[in-house]
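What follows is chain A paired twice: with chain B in the first complex and chain C in the second.
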Partner chain A sequence: MKQLAEIMKDIAAQSLSRGEVDLVIGWQKGPLWWQSYPAFIEGNEGNGETGSLTWDSFCVPNLSRYLLEELPERKKVALFVKGCDALGFNQILQDKRAEREKVVLYGIPCTGLVDPDKVESAGLGRGLLEVKRDGDELVFVYDSGEQKAQARDFLYDKCLTCRYPNPVVYDQMLGEAAPVQPEERFESVQELEKMDADERFAYWARQFSRCIRCFACRNACPACSCRECIFDIPEPRWLGKANELSETQFYQIIRAYHVAGRCVDCGECTRVCPVNIPLQELNRKFIKDINELYGEYDAGVDPEQEAPLVTYKTDDPAAFTES
Partner chain B sequence: MSLAQEQAFEPLIVAFCCNWCSYAGGDLAGTSRMTYPANVRVIRVPCSSRVSPNLILRAFQRGADGVLVAGCHPGDCHYVTGNYYARRRFSAMRRFLEYLGIEQERFEVHWISASEGSKFAAVMGEVTEKIRALGPNRKLRDAR
Partner chain C sequence: MKKIVKDKLPSLWEQLSSQATLFLPVEQDGVVNFAPWEEGDSVNLEALNTVVPPKNVVFPQTETYMRFKVENDKLHIEPFEQNGPYVLFGARPCDVAGITLLDKVFLQEPEDGLYSRRRREGTVISVACNEPDAACFCTSFELEPGMAPGADIMVWDMGDYLLWKAQSEKGEKLTGSVENLLQEAAEEEQKAAMELKERVTAKEAAAAQEMGWDPSGVKETLKDMFDSDIWEQFFRRCLGCGICTYICPTCHCFDIQDYSKDQEGGRFRCWDSCMFADFTLMGSGENPRPTRKERVRQRFMHKLCYYPSNFGLYACVGCGRCVRKCPVNLDIAQVIKEVGGVKSGSE
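The block that comes next holds the complex of A and B.
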């Protein structure tokens, strides 16, 4: 069977040369083993450019987000989607920031991606040239030879809890369905809930104190799709620039709240944070509470459904005493 | 905090009251000559659903020790559905603040109709006393 990357190259070359799309968004390899970056391939250039497309265990960037910028400029865009990219795409559809007919989706069943930090902390990073996936195993390639290990030990935490590894929306699926075996995703939220208020405050103050307000978490997020972001507008200036905990809290609370009910739990915010703030523990608190109070809801699964915080029932429960 | 300061602590409560019910309830409390603590600063808003989390956090940043949103009873919103949305959003918000280690009592939501002057006064009194017992808000305040 052809390697997935080869299929991707062929498909991209075909749809570009036939003029079906004027942009393909996929992934390409960077110079180092852990680098698989978004790739933007334009025009009718045929196989030359599409030759850079790749699929490996590091194709983690959620590509759906790029539609926000690219789609208005294009006639039609082809996008490769893993499970989480597909959820992101549906969320963008629900938020009416993309038109379904302007996008061609090539679905990729995902068996989980590799967290470079886990490779490094296992001491396997030194001299590493390439990491290949072979079923349930990873093959680490060095000048001196190869070494094998269980893949699951190196996957991103977010991949271990992933419930939708197979794209929920696609035009064409490339490959066999991946197994779905998610671990419990609310464990760390539950641990935090057990602490008392002051402990929790100290925990979050410690986390937030590292935030440099680079906005990478916002910029990577498929649910953060406002044309004008409250954190950017100068007037009224909601977010100050001072290095002050209350300003960071403002950013963190409002960011999480703005995606509440729309966060697809792709974990991209957490992955891109340069200072390792566990943003998913914030988003998942909202997901968990909304599930408990207003019924189970998975953002990004069905774009026709209404997000839970933009709707209501007259007999909704409240998390405050109603009298 | 020294004992003298502790005794001097007067909580500051910011109460966002919807124009059509709760603010009118406050008016009724006033015209009926009921008293409620002067710690409460009322801010009139068109509807409980007008109150965004930005406003709540800003109040805390700028010195509020407790924040309260008051609106019409469910079913009675002047804009028909505003408080139904507010109920969901503030429920999520309230639990979230608690998750960050903010005491639950610091952010409250109450439904107070235009005819409930005595309820308005009673709620303002209760909230003020709860916050007085909790002490000043240091967690969300701008320390500058």
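The block that comes next holds the complex of A and C.
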């Protein structure tokens, strides 16, 4: 992975100094082992900051979403995209919130990223200095030495079920294609489907009762790209500010419905949620239903493809009225 | 000092909850938060910090304080109170320090009635931290992981038992009410706890030192940095969510809103966040903090410059919550470090 980081630094420095782009979005390393966060490098030469770009097992934040804010201010923006980021980018394109010609995409084949919570629950977090990826293994570095483990045991659930680790859209691919070996992604949805309506209601009521209404799930989502969100409008205030279960359910239902058919299953909403609400289960229920009703559809794979929920067909398989 | 053997904790929960609402760190789906204890709850006293700090107990996220109703064309307004005695058990020393910082805001003249009533009605029991993690940096703010001066009772986890020390009148009173479950602690046991406390503090201070988290001069440096370019490097990655402010034990901005249905409704106050787009949005449509840049600056300036100017202390207790939970690692520890690295006046 070191190698890839070096390629990223060079490529960023080049495109900035040649004036091809006026902003590069990548990742930078923070002081703690799990911290790899979005980095914004601008100006020609990138003010010498391109050297701080990094690629490691924690470069999880989706960079495509930042185009919503950055693109209007810039001539051209380069960003690094993993498989899920590329799907998000295509969705933003399809929703007409970005112009393809204003963006340069450097594709990163992704072998899965490490969930810090899994490291902590395995008791490996104490005194940890660094986590390195070595093929199928992770190397945990401590003052006292190193410890190795199978990488798969520590990857985000969303990475274990990822079907597009290789970017579906890019201008230049940096590296060899990553293996595609997704685990079944609808297992937990099937569990939910087995519940009766009351059980399901109780399940979600319990989950949503923890919601602190921070809106991180919305703000991290590449499909939540409305210029003004209904939940932010102060007048009329559609969503009350009281943290009441009914208000939260209203928020969550609207959020899930609004991304239905556009959710690229990147799992960012679930990752950022501070109270472990399994939002991806809800999104995947929609995905599964869409697949069953309208045929297989993966949002974000092809921005030209007709999106099932917004395409009118006379032979629509769903009835317009209850019969 | 007293002690309580851990086997007796379930009886303690029962006894305490029979005299007051008992808030404990309760685990649900892998998330530990303070909640009113109910039989069968899985109490987790080992988890370092709850996701949401116990400020939620003294300053609830949503608190209705007035009800109104229209009857026969007449408006009836009445105050609404939902209070009562409570015990907050398991707050960490940083959490208690957070409450002390809230006190300075809400208990200054004119006192905030809702807050002061909640503070009066509660007894706070703090559990010392034996193993701060990589995100903790309370010692940088001259706090001790093993001691909460603002708690009514302090307890130390000594393995099979908790050492118990009342530190206030309220604490003495509560101790008296559960005397049947406590034992006198032996001299050596007290000594062992104090040694543990010193050890943990020294270790934590050394770790913070190593990370370069030294806020001491930052409140002065920041006075000249309102227009600094440094905010440029922070704000772009911010998602503008409410995580950092809602989970911070010292954030205290609130909003007042009404709800109503048909002919009746209520007025409540609820947490607000400087990271939201409608924060300080005026009726005219103007907003002095129109973009994420001003909002991110506000968050850190408030904690590290304005609050210290007003009250002499930093509005951060180094609990590490924003370090652990910000989805893009825009945390205060990094800001302190970056800001400290820029000399006063330079931009």
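FYI, the second predicted complex is superposed on the first by the 313 of 323 C-alpha atoms of A that agree within 3 Å, B and C clash if a C-alpha of one lies under 4 Å from a C-alpha of the other, contacts with A are read in each partner's own complex, and residues count from 1 in each chain.
Everything below uses one rule, namely that a residue touches a chain if its C-beta (ideal position, glycine included) is under 8 Å from a C-beta of that chain, and two chains touch if they have at least 3 such contacts.
Owing to the predicted nature of the structure, the values given are computational and were not obtained by experimental measurement.
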Sticking to the clash and touch definitions up top, decide whether chain B and chain C on chain A clash or fit. fit
Go through the superposed model and pick first if A:Q147 touches only chain B, second if only chain C, both, or neither. neither
Contacts for A:Q3 in the overlay, against chain B (first) and chain C (second): which applies, first, second, both or neither? neither
For A:E244, is the partner it touches chain B (first), chain C (second), both, or none of the two (neither)? both
So if I put the vertex at the Cα centre of chain A, how wide is the angle out to the Cα centres of chain B and chain C? Nearest 10 degrees is fine. 90
A:Y294 contacts which: chain B (first), chain C (second), both, neither? first
Touching partner for A:Q172 - first (chain B), second (chain C), both, neither: neither
Should A:Q181 be classified as contacting the first partner (chain B), the second (chain C), both, or neither? neither
Would you check which partner chain A:Q305 touches, where first means chain B only, second means chain C only, and both and neither mean what they say? neither
Nearest approach of chain B to chain C by C-alpha atoms in the superposition, in Å, rounded to an integer. 7
Overlap of chain B and chain C contacts on chain A, residues 242, 244
Under the stated contact criterion, what part of chain A meets chain B in this complex? 189, 192-193, 197-205, 230, 238, 242, 244-247, 249-250, 253-254, 256-257, 260-261, 282, 285-286, 289-290, 293-294, 308-310, 312-314, 316-320, 322-323
List the residues on chain B that touch chain A in their complex, please. 53-54, 57-58, 60-61, 74-75, 81, 84-85, 87-103, 108-111, 139-144
Touching residues (chain side chain C, partner chain A) in the complex: 28-31, 33, 51-52, 61-62, 64, 131, 133-135, 211-212, 233, 236-237, 239-243, 246-247, 255, 257, 259, 268, 270-273, 276-278, 281, 292, 323, 325, 327-330, 333-334, 337
What residues on chain A touch chain C, complex-wise? 30-33, 35-40, 61, 66, 69-70, 125-126, 128, 206-207, 210, 212-216, 219-220, 232, 234, 237, 240-244, 271-272, 274-276
